[in-house]
Each structure stands twice: as C-alpha cells, then as structure tokens.
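Shared between the two complexes below is subunit A, which has subunit B as its partner in the first and subunit C in the second.
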Partner chain A sequence: MDTIRNSFNKGFNSPRIMVAIGIVLGIILGLVYGWVISPVEFIDGSIAQLRDDLKTEYLRIAIDSYAINKDADLAEARYNRLGEDKTSYLLEIEFNPAGQLASEIDSFRDVVELTALGEELEETTVEEKPSNNILKWGLLVSIVLAVSLIIRYFLVRRSESETAPKSAPGISQEITSKMESTFKTKDLEDIIEVNNLTKYYGKARGIVDVSFTVKEGEIYGFIGPNGAGKSTTIRLFLSLIYPTSGEAKIFGKDVIKHGPEIRQEIGYLPSEVFYYEGMKVLDLLKYSASFYNKDCTDRIYELSDLMELDLNRRIDDLSYGNKKKVGIVQGLLHQPKLIVLDEPTSGLDPLMQQKFFNLIREENQRGATVFFSSHILGEVQKLCNRVAIIKEGSIINIQDIETLQKDNYKKVRVVAEGIDHKRFDVDGVSNLSSENGAVNFFYKGDINLITSLISEKEVSDVTIEAPTLEEIFIHYYE
Partner chain B sequence: MNIYLRELKANYKSLLIYCGISLFFLVTGFTKFKAYAENPDLLAILDSMPPAMLATFNMNAFNLTTLPGFFGVFYVFLGLILSIAAVMWGSDIISKEERDKTVEFSLTLPVRRSTLITAKSAAALTNCIALALVTWGLVLANSARYNPDAEFYSFVSLGMVSLFIIQCIFLAVGIFLGSAMKKHKNSGSVAVSLLLGTYFISVIAGLNEDFDFLKYFTPFKYFDPASLLYESRIDLPFVWLSAGIIAVALVGAYIAYSKRDLYI
Partner chain C sequence: MNIFNHEFKSYSKSVAIWSGSIFLIILVYLSAMASISVDIQTFNDILASFPEEFLIAFGMTELDLSSIVGMYGLVFLFCQICLAIQAANYGFSLISIEERELTADFLLAKPIGRGKILTAKLLAAIASLTITNLTVWVSSFLIINLNNDGQSYETKPVILLLLSIVVFQLFFLSVGVLISLLMKRVRSVTPLSMALAFGMYVLSAFGGMLGEDTIELISPFKHFEPNYIIKNVAYDTPLVLISVITILIAIPASYLLFSKRNIHSAV
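And then the complex of A and B:
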C-alpha cells in the first residue's frame, strides 16, 4: 500500500507522468465526448427527423386518398391506420366541413412541398457535416493539447524550482552528528528529531541539510540572524511547508504523515500573530480550544488573567503587544507537550517579557519541552539549556549554553608595560589586538598554557572572562 | 463543524449583500416588466432590433411581454449574479487565509488541510444554497401579482435548479483556483475573469450555429432556458458534464492544497 502511495506521490512531482496523465485524461475526455454526448445529441436529432418524415408521409397519404376518393372519412381512416401520431393537421381534416377542405388541401400541399424542399436542402448540407465534425474534433483535440501543455509547463517550472542545487551533504552532516554525539543525553526521549532537512523556495535557499535533536524537558535555543532559516525550520515542523528533502520527526512521528495528531500537543507562538478580525478575543480562544481533545476553559481564564488580557475586546482593536498576548494564551491553553516559540518577545514590554519567561519556565517544569527561536541572545542565555546556531540556512554549532560560555572561548586581557602582543600568537588564540599597552584576545584550549605564558612577564593587570553570548555569536558570524 | 460555523458567521454579511443585489435586481426588473406586460407595442420595437443583439440577451426565444418570457430573459442575468457570488465565495474562502496570514493560526491547529477544505466548501455551498433559495423566493413573490399558471411555476423551478447547478460549477472552480494557485492574491480576479470569459463564450455560441460546439465550454449554455420552458426538461448529459467538472475541480483542490507550501 505504501509503495503505491509513494509512487503516486512521486507521480505528482514528475512532469513526464503528469503529461502522460494529461494525455490519458484528454483521450478519456475525448471518448466521453464522442461516445456519451455526441450519440445522445445524434439520437435526439434522428428521432426528431424520423418523426418529421413520418408526419409528412401520413399527410401525403391522407391528401392523396382524399384527392382520389373525395372522401374525408376514408382519408382519416387511412391516416389513423398508418400511425398513432395525431397532428393538428389531422384534427383539421377531421373537423372541417367538406367545402373548406379543398383550400386546406392546397395549404397541405404547400406544407408537403416545403418539407420536400427542406429535405433536399438537408441532403445538400449532409455533405458538409463531416467537415463540421472535423472542425469540432480538431478544436477539442487542440484544446486538450493546449491544456496538457499548460499543465506540463507549470509542472516543469515547479520541478525545476524544486531540484535546486544542493550543497555537499556529507561534511555538515558529519559536523552536526559529531556535535550531537558529544551532548547526547541518552535516557531521555527525543521530542524533535531533524535529519538532513533541506528546503528550497524555488531557487532561494531556506535551510540546507539541517540535523539536530531536542530532548524531552529541554529548553532549546535556536539562534541566528534574520533570514538564516529559523522560521522556515519551524514552519517545516508544523507542516505549513513541505521539505525539499530530509525529514523531521516530532514525538517520534513524521511531521507530514501525522501532522494533525502531532499538532494536538504543540503550542505555537508565531513571531507575528494574525487572527480572524472581527472576532472577540474570548470567541477566538474558544474557537482555538475547540480543536483540542480536552477542556481548556479554565486555562484560558487563568492565562489571560496572568497576561492581563481583556477577553471582551475585538481582535482588530488590539495593539501589536496585546495581539501577542492573545497568541501566548492561544499557544498555551491546551497545555502542550512541545512549545514552539518564534521570536516570542517582540512587542512585549519588559515586565510582560518577565512574566512570559516565568510562564515558559513553569510550563517547562511541568514537563513541556520548549523550542525557542530568537535573535535576541540575552533571552536565549537567560532561558535555554542548549542552543543551536544557524547561519545562512545551515547549523554551525550546537552546544550547552554553559559549555558555550565556559569551554569555548575565554576573553583575555593582559596589561603590561612594553608587552609584545606577538608572544601570544599561539595555537588557540584569535582576534589578537593591542592598544595602549594592553593585549586583547580570545583563547580556546588548555588554560594552563596561557597562564604560564602570561606569568613569564611582569604584568600589571589580567582579566580572563567568559564572553557573552553576543560576542560568541558575532565571532561565529564574522 | 467549528470551522464551518465560523465561516458561516464570517460570511453572512457578504451573503446579505448578494441577497440585497438579487433583491434590487429583481425589483427593478419586475418594475420594468410592469410596463412590458401585455403590451404589443413593445413586441414591435423588439422585432426591429438587430437579431444579434436579441440573441445576446436571449430575447429571440422569448416573448418579453409574458411572465415566462420575461423570466427566460432574466435567467441569464440571475445566472451571472448567482455564479459571480459563487465563484467569489469559492476562491476567497480558501485563499483569504493566506491573504490575511491567518493560515499560520488555522493550520497550526490540529486540523487536516482536507478537513479545512471540506468545512469551508460546505460553508460556501450553504451560502450558495441560501442565495439561490432567496432568489427563488423573490422571483415567486414578485411574480405572484400577475397570477402565473402552473407552467410558469415549473419553468421557474427548473430554471432555479439549473442555475443552482451552474452556481455549483463556479463554486467548485473557485475553490479549485483558491486552493491551487500559488499566487493567492490573483485567485479572485482569475476566477471572475474566467467567469466573464465563459459568459462571452456563451454569447458567441448563441450568435451563430457554427459556434454551437462552444456550448460545451461554457456552463451558461449547459441549460437552455428556451428548452426549459417549452420542453420542461433539463438536458441530462449536461448535468453529468457539470457533475464531472465539479468533481474534477474539487478533487484537484484537495490534492493541490494538501501538497503545496503555504505562503505567509
């Protein structure tokens, strides 16, 4: 069954198969036209013709018999014998007094002559009919062809845009899997599992070959500048868009196949919230709650109390920040197992941000996993356990926040008189610079090595500190 | 069910507006008919008009001074109103989610895309049925004072049923365009231009017998009001053709919408 479905799905992506389907459909349509519609039309036409012929024949016989016998009764009898089809002409014969019959007969003759003339005309037009049919069929075929060509054109364009260039998958995969393996906490369940996920929008890059896992109970930071692919990744999770290649699993289930089932347990707060205008906040929240298999009414009131949200206002009257609050309540009202936040704090004042973070922490302690995408490093630092850094569509680092700050780079500043900064140019040192007798650099490696290097000289001041996430971030992006 | 009810609520204003248009149209139409009714002078005027023009407005088959004849001429205009409403509702009801960016809300809820289409199509269909029924009622109410006979009533019933079928075709086509087109902003205008295009095809098809084969390409020609009046029957092959178009459009909508990326 699955193989059938797969080949079926593949079919929609292959222009050749679609053209074949188009042609087959065209032929079927043509046959339907030829066998169903035309014969009906044809039979209708022939029956009408037959009826007319018969009518004329009856009339001719009736008139002839009157002309020979001068007997209206006989004429009528003969007519009756010949057919059931009583026409108005017959009725006229029946009820007209004999004196008027002669003039009637004249008009009948006219009718008969006219019919004969008509038949003659039809005979001549019969010869033209085939050409008419050819025209008809030709037009039909060309329309079918045109339609299939148009379909083909669009499909080819789509498939072209979808087979956009791919980067070498091996290297980055290796890096990420290495990074993953060092931080794998084995006993916890994978909530999000992303394998070589790639998305191209036509030829534009979305994300390339992204792989990572998020464990149960984590608050997972996802940082990167605008346009790095954060929202693309999240939209792939929610199957708003479909991956070009690779797969994403949430709760161990494929996001495309089990989308609705997975979304029962996901709370999503988009970076910008858009809701149906003209609805009251409470109605919208109740509408949203109606999709989940549990009663969320209490939670709605609880959360909106906490976020100081007025439930009786209309969505379109709300400010940006207040809409965001609606988004927070809407995203959390069903107590989801996974909370996906896409730049959640924009539009919220610092006080609200604090409340929001506390709320997220509470949810996390309750057992919810949080996927937190942001470009504001301070809040990621405050909240997250682990962080993935994404740059131009690819993950460049995944680490614990603490490790990122402790084990990564040390910011070293050495103040000494007549110090030559070149003596610090050893392995693991970067961003080396000196100003006013002070040497600044980043160091990564064995800390004893650098302290011994410093202690060789007499120095007046030394600071070694963990860099802020900001500095690490900038370091990665330079 | 909740999507369906919400869509009905969101669309009732537009339903009222279209009912208003239909009411306005019928009231002004019947006011004119008051002047035409049993007025032989008008027939003379009509006879002097160019036949192409009469064919365009479907006037050659009907006697405008009688009630059935008047409805026969009106049939085309009612068809236009009803199908414009249907095609607008159909294309809008799906694509508006992307236009208003609410798709990031509605489809991140635990809903299948096909469920969304089903519920929304049902809501649009409900609107179409309501508009058709209101129009039907208005026609009967407006014509009641002319003491129509049973033949007229059966003609109106057939006419409204056939108009409803045309409406369903355009609804399905609209839904298909709304769900399949990547440029959702254009779906409304494409839908309406398709409708007007088929209307003009129907006009051309009526002008000359050589263009008769065009009638398969325009729903407006599927049901001829003249044969509805004189033969009291709906052409069964065209009912099948309509059902086929509706089925293809809806299946296309489901497949396209379930397979494509949503743009926000």
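And then the complex of A and C:
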C-alpha cells in the first residue's frame, strides 16, 4: 500500500507523468466529445438530408406503382417492409383515380416519413458516424500530445540554461565544517543535514553555500538579523521554495524528492500569521490534523488548554498573539519528530512565552528535535543547546551555547578613581571604553592576566561576567 | 479528500450567489423579452433604428425574437458573461489566495504533494462550477416553459447551448490558473478575472465590427456564439476545438508551473 502511495506521490512531482495525465485526460475528453456531442450535431444534419431522400424515394415509388397500375403483387412486394397496414393503404392509392394522386401522395408521405423507415435509417447512420469521429479526435489527441512534448522540451531546456551564480566554497564553509567536526556526536542520528545549500531569487541573494547538521534531540538555534536568510533556509527545508544548488536532507531523505513523506513528521510554525477566512479555530485545527495519519483530537484539546486558546472563535477575530497560538497548536498537534519554528514568540506576552518554552522543552524531552530561528537572542540563549549564526546569507559561526558564552569572552567592568583605560589595552581585550570612572571591555584569554592587571590598582568595584548572547552577537556583526 | 471538502465548502457561498444571480438574469430578461415579443413589429422597428455597430456589439444583428429560443439566445449571452467571470475568479484565486493569505505556508508544509493539492483544488472548483452549470440548466428550461404559454419549441439548440457551458467554464478556469501561476504575485483577483472575461467578450463582440477576424478566434465567446448555435443547430467545430485545446494545454502547464513554483513569504 505504501509503495503504491509513494509512486503516486512521485508521479505528481514528475512533469513527465503530469504530461501523460494531460494526454489521458485529452483522450477521455476527446472520446466523450467524439461519441456524445458530435453525433448530436451530426444527426441534426443527416436527418434533414434523410428526410429529403425519403421524400423523393417514396414519391418515386408511389408514382412508379401507380404507373405499373393494378399490379398489386409487385406493389405489395415493394412495400412489404413498411408493414401490413401501410401496404393496404398503398394498395388503396394505386386504385385511386389519377386526379386524387397528388393529395394521396401528400398524406402518404406524411405518414411514412415520420414513422418506421425514418427511424430505421437514422439508426443505421448513427452507427456509422462515430468511427469517423474517433479518427478526427485521435488526430486532435496526437496534436495535443505533440504540443505537450514540445512545451516540456522547452521548459526542460530553459531550466537547464538557468545556471545560477555559483559561489566558490568559501571560508565560511571551512569554518563550518571545522566546527561541525568538533561537535559531532557519533551516536546520534542526523535529523537535518544541509550541504552547500544556495538559493538566489533571480539575482537577489537568499542564502549562499550554507552547510550544517542538526543532531537528534537537539534544540538548535538559528540566529541572525532580518534578511540574513533564516526564513529562506526554513522554507527550503519544507520545499516551499527550491534551491538553486546544494541539497538539504531531513531524516536522511532529500527534502524535494521525499517532501510529503518527510513533512509527515515535521511541525512547522510560520513566522507570519495566516488564516482561512471565516474559519473557526477548532475547524482549522481539525483540518490541519486531517493531513496526518494519526488521531490528534486529544492533543488538540490538551494543547489549546495549555495555551489558553478559545476553540470556538473565528480566527479572523483573534488578536495577533492569539493567532500565533493557533499556529503553535497547529504545528505541534501531530507530535512531530522535528519542530521547525520561524520566529515563534513575536506577539506572545512574556507569560505565554514562558509556557511556550516549557512546551518546547517537553516536546524535546519526548524526543523531538527542534530547529528554532529567531533574532531575539535572549530566548535562544534560554532554550537552545547549539546555535548557528547567519549573516548576509552565510553561516559565520556554529557553537555550543555554553562555549559561546563562557569560553569565549568575559565582560569586565572595573570602577576606580582616576583609572586610565589604556592600561587594559592588552592582547585579548576588545570593545574597550570608559565612562564616569568605569572601564568596560570584553576579554578573551588567560583570566589571571587580567585579574593581576586589576589588582595592581585600588578599585572600588569589579564585575566579571559571561556576556549575554546579545553582546557576543553584536560583536560578531561588527 | 480533506482539501477537496475544505475548498468545496469555502466555495459554497459564492456558488449560491452566482447561481442565484444567473437565475434572476434569465428570469428577468426572458420574461421581459417575452412580453415585448407580443408587439414584435414595434420592437423590430426600434432595433432597426439603432446603429449597426451597436447591434453587432450586443449580438443582436441576427436576432430572431419571434421565437422563445431566439430570445433565449440573447439571454444566454448574458449568462455566458457571468459564467466566465465566475470561472475566471475561481481560476485566478485557486493558488493565489493561498499565497495572499499566507495559508500556502500552512498547506504546503503538510505531508501532501503539490500535484495532489492542485488536483483537489481544481476538482473542488470544477464541482462548484458544475453546480452553477446545473442551476443554469434547470432555470433555463423552467423559465422558457414559464414564458412559452405551453407551446412547443425546439429543444435541441437550447440543449446544445447548455452543453457548451462545461467547456466554456473549463476554459476560463484553466486559463485563470495558468495566468495566475505565470504571474509572480496576484494582488487582487477581481480586476484580473473581469479583464479576462470582458476582454474575451469584447474581442468576440467588437472583433467582427472592427474587421479583425483572426484575433476574435481566441475568444470562447466566439467559439460558443449563441446566435450561431441556434441558427445552425450545431457547433462551429473547429472553433470549439480551439477552446478544448487551450484547456488541454493550460491544465498540464499549470501542474508543471505549480510543481516548480517558489512560494515566497509575505510582504
């Protein structure tokens, strides 16, 4: 059953089969027209013709019989096929005086024309005609076939000639692969695997040469400013858009070839709020659930309870934040193995955000992998294990969240009277600044060096802390 | 099946409105004309006083208002315009509405192939159009009989006219889908469908007047011209073929374009 379904799915994604379906449709329509409609048209013409033929024929016979006169046997033989009562009627005519012939023929004609023979002949001609029509429609279908093939040929050629600007595997990729190798956990399966993925919208850059992998059970943060390519990457995962080059695999399967199959296990929360006009929340959630091969009813009520979502309201009437909740429930109701979140928290109040994060953590503990895109670093910091930073379409860093915060930089603030900030201008110090007798800087390196520098002076206050992701982030972007 | 149900339901209101309006158009016009036909000579005089171009434009040159079928032919032209706008509306919005209301992100992220989505949507649109089609059948015969004082009339041309609706609707539906997929973004459907429907009508109506014989051949209004069908009690087969071929090209082409389409995010 599954194989049938798969080949069916594949069929719809293959243009060749679509063309074939078009042709079959053409043949069916052709036959329908050839058999049903054209005969109607034909019969109209032929009946008129037949009527004329019949008229002449019967007039001729009638006159003929009259001329032969009194030869009742011959007349009877001729008109036998008309049936008995008509024969007797005809015989009657023959013995009429000549002057009455015309009027008799008239009435005779009326009787005959509208009865047996007319119908008989009509039937025989209708049988002949369709074969003729099939020829005609066969010709039409072959024309359609030829045209479809030509169209396909040109479309294929066009897509081949559309060679996209190819970027050389840049430094970013080297960094990325290096990072990847250091963090590779061998036992866990790759849930998302992205290799040199590039997408151009015409000439505009989407993403360039992006590579990374997401392991099973991770909560993977994906941060970058607006327009960096976060949404582009996610839309490529869901084959909402098609890559210019490179490939993405989810659950080890290519996202384009096995799209529907993969999406069975993906829960996606789009960044933009959507709704079908006039639909109630519950209707939408049920519609959403109807796409999956499992019963999600309980989960719908559970999740909406948790998110305090009123199921009986129309989506149009909901506030932005409540629409967002509909999106969240819709994305999680089938308990997917991979949850893809595109800036999910915008519009949610802090309390709801907290609930949402807890929900995501629960799902994660249940075994779901989470891919979380955001430009708000605080939330990524709270939730994620690993984070990839994307800038202008390229990944510039992939790090463990803790490593990113602890091992890299310390944020140092020293308050002392008459302190000269230049004394801290040593190797490993960056973003050095001073205001109102306080010196601020980031430090990366041996911590003893900096503490000794501080202790040489009499200071009134010292803070050394891990910087927020925000501060690191800004650092990367400068 | 779920997509079909959902789509079909969402068409219900629109189908009811279109079917109702077409019923009213047939009722009002046919009844009005039937009452005029009592005084047919005066009406013919009035018609004769109109400029020739005007009569051509409204398909009134070969008008035979002495029979109910002749009158029905003129009313059927108005029906055709409505049917064309309705079908083009459905065609243009079929895919574009998903992109405009951001539901494409919802629908295409579901575990279902694009081909199946398009098939379900097309079938839902065709089913909805068929309901309108059936309404036209029923109301046509009903109203003709109402206004015919129990006299008999030729049903064959009427049946031929009504049979043509299927192809006529499919033409505007499939061309609408194809055009919307060729466009990068469809902002508003109504202007496009109005333009397509009226454009085609104008091509057919004014084409003959301007002496542009070839251009009018692309218009289904020309392919299924009521006057021709009633006069000859037959279709103009080569012209009908143009419509059929257009449909047969537009539908596979739409599948091809949709399966390759990049669904852009909003704004």
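The definition used in the following text is that the second predicted complex is superposed on the first by the 270 of 478 C-alpha atoms of A that agree within 3 Å, B and C clash if a C-alpha of one lies under 4 Å from a C-alpha of the other, contacts with A are read in each partner's own complex, and residues count from 1 in each chain.
Methods note: a residue touches a chain if its C-beta (ideal position, glycine included) is under 8 Å from a C-beta of that chain, and two chains touch if they have at least 3 such contacts.
What you see is a predicted model; the values in this text were computed from it and never measured.
Participant: Would you sort A:266 into first (subunit B), second (subunit C), both or neither based on which partner it touches?
Facilitator: Once the two structures are laid over each other on A, A:266 reaches both partners.
Participant: Looking at A:147 after the superposition, I want to know if it touches subunit B, subunit C, both of them or none. Which is it: first, second, both, neither?
Facilitator: second
Participant: A:276 contacts which: subunit B (first), subunit C (second), both, neither?
Facilitator: Both partners.
Participant: In the superposed arrangement, does A:238 touch subunit B (first), subunit C (second), both or neither?
Facilitator: Once the two structures are laid over each other on A, A:238 reaches both partners.
Participant: For A:291, select first, second, both or neither according to whether it touches subunit B, subunit C, the two together, or no partner.
Facilitator: Both partners, subunit B and subunit C.
Participant: Does the superposition put A:320 against subunit B (first), subunit C (second), both, or neither?
Facilitator: In the superposition, A:320 touches no partner, neither subunit B nor subunit C.
Participant: Comparing subunit B against subunit C, which has contacts with more of the residues in subunit A?
Facilitator: Comparing subunit B with subunit C, the partner touching more subunit A residues is C.
Participant: Please identify the positions on subunit A that touch both subunit B and subunit C, taking each partner from its own complex.
Facilitator: The overlap between the subunit B and subunit C interfaces on subunit A comprises residues 12, 33, 37, 40-41, 140, 143, 201, 235, 238, 240-242, 259-264, 266, 268, 270, 272-278, 287-288, 290-292, 330.
Participant: Considering the complex alone, what residue numbers of subunit A touch subunit B?
Facilitator: 12, 32-33, 36-37, 40-41, 132, 135-136, 139-140, 143, 201, 235, 238, 240-242, 259-264, 266, 268, 270, 272-278, 287-288, 290-292, 330
Participant: Please name which positions on subunit A make contact with subunit C in the complex.
Facilitator: 9, 11-13, 15, 18-19, 21-22, 25-26, 29, 33, 37-38, 40-41, 44-45, 140, 143-144, 147-148, 151-152, 155, 159, 201, 231, 235, 238-242, 259-264, 266, 268, 270-278, 287-288, 290-292, 330
Participant: Where on subunit B does subunit A make contact in their complex?
Facilitator: 2, 6, 10, 100-105, 107-112, 115, 210, 213, 216-217, 236-237, 240-241, 244, 255, 259-262, 264
Participant: Enumerate the contact residues on subunit C facing subunit A in the complex.
Facilitator: 2, 6, 10, 101-106, 108-116, 119, 156, 159-160, 163, 233-235, 237, 241, 244-245, 248-249, 251-253, 255-256, 259-260, 262-266
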